[in-house]
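The structure appears below as structure tokens.
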Amino acid sequence: MSAPLPEILHQLNADMREDPDWGAVAAYIPELGRIDPAQFGIAVATADGALHAAGDADTAFSVQSITKVFTLAIALGRAGDHLWKRVGREPSGRAFNSIVQLEAEGGRPRNPFINAGAIVVTDQVLTGCEPRETLGEIMQFVRTAASDDNIHINETVATSENVHGHRNYALAHFLASTGNLNNSPEKTLGTYFHHCAIEMSVKQLAMAGRFLIDSPQLPRMILTQRIRRLNALMMTCGHYDGSGDFAYRVGIPAKSGVGGGILAVVPGVASVAVWSPGLNRYGNSLKGTEAMARLARIMGWSVF
Amino acid sequence: MSAPLPEILHQLNADMREDPDWGAVAAYIPELGRIDPAQFGIAVATADGALHAAGDADTAFSVQSITKVFTLAIALGRAGDHLWKRVGREPSGRAFNSIVQLEAEGGRPRNPFINAGAIVVTDQVLTGCEPRETLGEIMQFVRTAASDDNIHINETVATSENVHGHRNYALAHFLASTGNLNNSPEKTLGTYFHHCAIEMSVKQLAMAGRFLIDSPQLPRMILTQRIRRLNALMMTCGHYDGSGDFAYRVGIPAKSGVGGGILAVVPGVASVAVWSPGLNRYGNSLKGTEAMARLARIMGWSVF
Amino acid sequence: MSAPLPEILHQLNADMREDPDWGAVAAYIPELGRIDPAQFGIAVATADGALHAAGDADTAFSVQSITKVFTLAIALGRAGDHLWKRVGREPSGRAFNSIVQLEAEGGRPRNPFINAGAIVVTDQVLTGCEPRETLGEIMQFVRTAASDDNIHINETVATSENVHGHRNYALAHFLASTGNLNNSPEKTLGTYFHHCAIEMSVKQLAMAGRFLIDSPQLPRMILTQRIRRLNALMMTCGHYDGSGDFAYRVGIPAKSGVGGGILAVVPGVASVAVWSPGLNRYGNSLKGTEAMARLARIMGWSVF
Amino acid sequence: MSAPLPEILHQLNADMREDPDWGAVAAYIPELGRIDPAQFGIAVATADGALHAAGDADTAFSVQSITKVFTLAIALGRAGDHLWKRVGREPSGRAFNSIVQLEAEGGRPRNPFINAGAIVVTDQVLTGCEPRETLGEIMQFVRTAASDDNIHINETVATSENVHGHRNYALAHFLASTGNLNNSPEKTLGTYFHHCAIEMSVKQLAMAGRFLIDSPQLPRMILTQRIRRLNALMMTCGHYDGSGDFAYRVGIPAKSGVGGGILAVVPGVASVAVWSPGLNRYGNSLKGTEAMARLARIMGWSVF
């Protein structure tokens, strides 16, 4: 690594804006469908407390599936290994919203990051609580992790997800039919759609991701062993059916969201958030993935 | 880490022998079926040139699928990224010998470590060569990596694999029917069964695995970027349908074989070989997996 | 055929009560789960206007999926071949409530008798109408066919189906997510659960089935060509994943219901209804299937 | 039916030649690939001993999968219901050469007419015999049924099938791997490819099909009950994944072959053979299916 990090991020931002192919934004709800794809932002929070950023780093975007990491951390904190009775830990080899595997495996989702698995995780966190309490707990976790109270749920997005959420209702009812849902599909999905509708900028997201760095320099939110396990799950399952490709090209644990965000962790070193709303064919950010690959190569951040 | 590595391995060997459940050996060929499951050996080759071992560390065993790492390294060296037109890089979400996904995806195996993918890799290395030459090249690579010429193929095992190899013949003919086989099924499988029948002790295997450590202290056989990519593939796909679980529990890239061996890599630090012939339900070594999990925890070797 | 039909039915009823294995009743809703399995009734309505019966021939039971034949006749009458854009005509090779094929085939159910297909058929009949009107039309069709106004829907069963209908809600939401549902899942399923909850005795059901006999002696409700096609669909798809076995053993078109009823048609000759609530492993009536096989053999009624 | 049969066939032949879309011939072996698609022949053998024909009725063509009906008759004659332990009786819901279902169902093919099932049937007939004897028995059955000794196997086609038969070898080896093959894949497939390479004209094929009419006017080769069951299997499984559509449109039991032939049975009345080498998307004869639909409608031959 020759250049300092701020300079590298600055250059990366410039490079990313050269290629006019920004990919296509998710169009399943109008709130995401009308976002301008030609945006890019990146932020790095390092273990020593610094935060560097470039590009559209202050624009709040819908973090969507990236919140699955936070709810999973909370669910594991509450249920421990008991959670794995309800959901597996293996890559799915299928699209994020596939219902096929759910039938083949009797209603136990393959991992907590595909939609079916994340619905079970939300259902677990919700058990014994009201949606309002659960969402309060999730928001508190995220805000504490980010040291930032100015993080909110976009109610319009949550409502729209519910209106266009037939596929997720299909998954939730299927889970209910196999006995793997403690709450009603409506209640669980209401909570799920809300936490997926959290909005953050890459600066806020990079800060919130610090709890996965596992550095003695940082305040500790969860145990080292749990951090390692969350990072392992992000490595093998964090990009749906493109997880193997991301591990091959980038080499660090990360979780993507359909809003175009990616949260990546360099164990012991840094938390990285990148955002560009145009997606590739796996439903992961096109420019975000490319930027992560370049940054990891320049910084020698691959864990391999 | 309080104790020195030799002491830790010594203790690990003792601990592993306490639990009388050794798992069941693979029984699909008699040569593997009659092996005594109550054996355990472990060896660690560190970047500084040391080799430490404990248990049955000098007993040669059939490394089987672990050789897929070596042939993949050779295939990538020869064909480069062109290889990925023929085989994918994603976890399969299926058993090692499944033919289902092959049909669903038009004859392109999901990754180079499931049987169908490894057959394609062998076919790639074989293209333009005779089996004798190809096997010579593979043996030379393994012996050079291990700095040990006393590594051999067990011809009886290779012959027995061929006799009992209907499932692999089904995969190879299916690949041929989709145009994804350059050589005849007989020729490709003959070569495949032979390199899977290589025998090594854990000491030899740990030594052979050093080419994946990527340390300036070690002689270089392949480029850093390729090492990282091989390690990434081992992390996401190295244990078939139990890869996610291994990443979660152990946290380092590794490849298992049905003979009960596991080769694991601690990037920049060490190459670890463990062997115990009894298997768990995924077809991976029962005691070997447990020992790797303990060793990684004690040494803090998780990459996450 | 040596004996006259009434005598044959009398003997068949006696024979069926000998074997103490009645199978297990459907238990997914309590209303079906508490029915005594040790019941058997059979009725035959012949083209010449006669009605013969034996056993529990006046007990009303939940006809369930048998109503799919009536709603399909109505849907074809209204939409014609346009219906086949929304649903196929091929045996599914899967269980009646499988969602797998729906995903593989983009939301077009394989045939109108598996649950997903019947939901689409109900949705088609419902289009432009209110549930009350649609159910009125279905009831009118059934009562006219049976020449019997004393046929009703069991509201308790319909309500219970809705409460325990997560699997059907999963199917309906999945259909909605692919754009193959004109009405809301709630509205379509409400109608679907109601028409499945129609109750008839075997006498009533045999009378209602006469519209599929295609005899000049009978009043005509639908065209000959449509009758033949409905019968063809019953032959290839009428017993879900046991349709091939029923064709092989019995050899006449028929539709089963989870309440233990079977409606069978001997083209040009007779309509047969049989009921025994205990089911075989395919979810079809155990004694009912056996009785149909014997009756068809005695009478030489196989179409083959 | 107003016109006499010869006149109807004459007209049908003329009508079929009007539409210039003949479909595409099977191209997986050169011997089939170079056949002129613009050919059409039809023949009807009636229970009273008459034989009527029109079009290219004397041209011998490769009957291919139609021979599966004859080998199944022989296998049932020899093994009886024991055969059904090795193969099912249900429509597959899949393409004729799919290997997916074979894996899902542990190596028991869904029915005797998909390739995997027909390979098992051939293997059953072959058990305890040499291929030469088995083929002799099959030829004798076909020649006796047709009352014609001038029916032969095309050795060039058989050889070519073997050369291009990777998909069938995949199926056979898979069956062997599950223990559902008594003979070697090479021996079973050698016999299978040979009986599929039988050549007949539609006149010969219609004559050979008479053994399925079940008329007291005809010499009896197999029992009535077995005839009915063979016809039932042809109805539900005779056109692979287009069986439901054929039953819906035509309404009589029939078996198609990739060479463009169809053998259909009107129970008690007639045996019909039609041939036109161009295929539709299910791999069944395009013009042959259309001609069968028209003929059945004109003659009122639907069994429904």
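Worth pointing out:
Read from first to last, the chains carry the letters A, B, C and D; within each, the first residue is number 1.
By definition in this document, a residue touches a chain if its C-beta (ideal position, glycine included) is under 8 Å from a C-beta of that chain, and two chains touch if they have at least 3 such contacts.
These numbers come from a predicted model, not from an experiment.
Common partners of chain C and chain D, by the touch rule above, are absent. Of all chains, A has its CA centroid at the greatest distance from the CA centroid of chain D.
Averaging C-alpha coordinates per chain places the centre of chain A 47 Å away from that of chain C. Chain centres here are Cα means. That of chain B falls 55 Å from that of chain C. Centroids of chain A and chain B (each the mean of its C-alpha atoms) stand 32 Å apart. With touch defined as above, chain B holds no residue shared between interfaces to two or more other chains.
Because contacts link each chain to exactly two others and close back on themselves, their graph is best described as a ring. Pairs of chains that satisfy the touch definition comprise A-B, A-C, B-D, C-D.
Chain D contributes residues 98-100, 103-104, 166-167, 169-171, 173-174, 176-177, 185 to its touches with chain B in the complex. Chain contact summary for the complex, chain D toward chain C: residues 88-94, 101, 110-111, 225, 227-229, 231-233, 235-237, 241-245, 247-248, 251, 253, 267, 297, 302-304.
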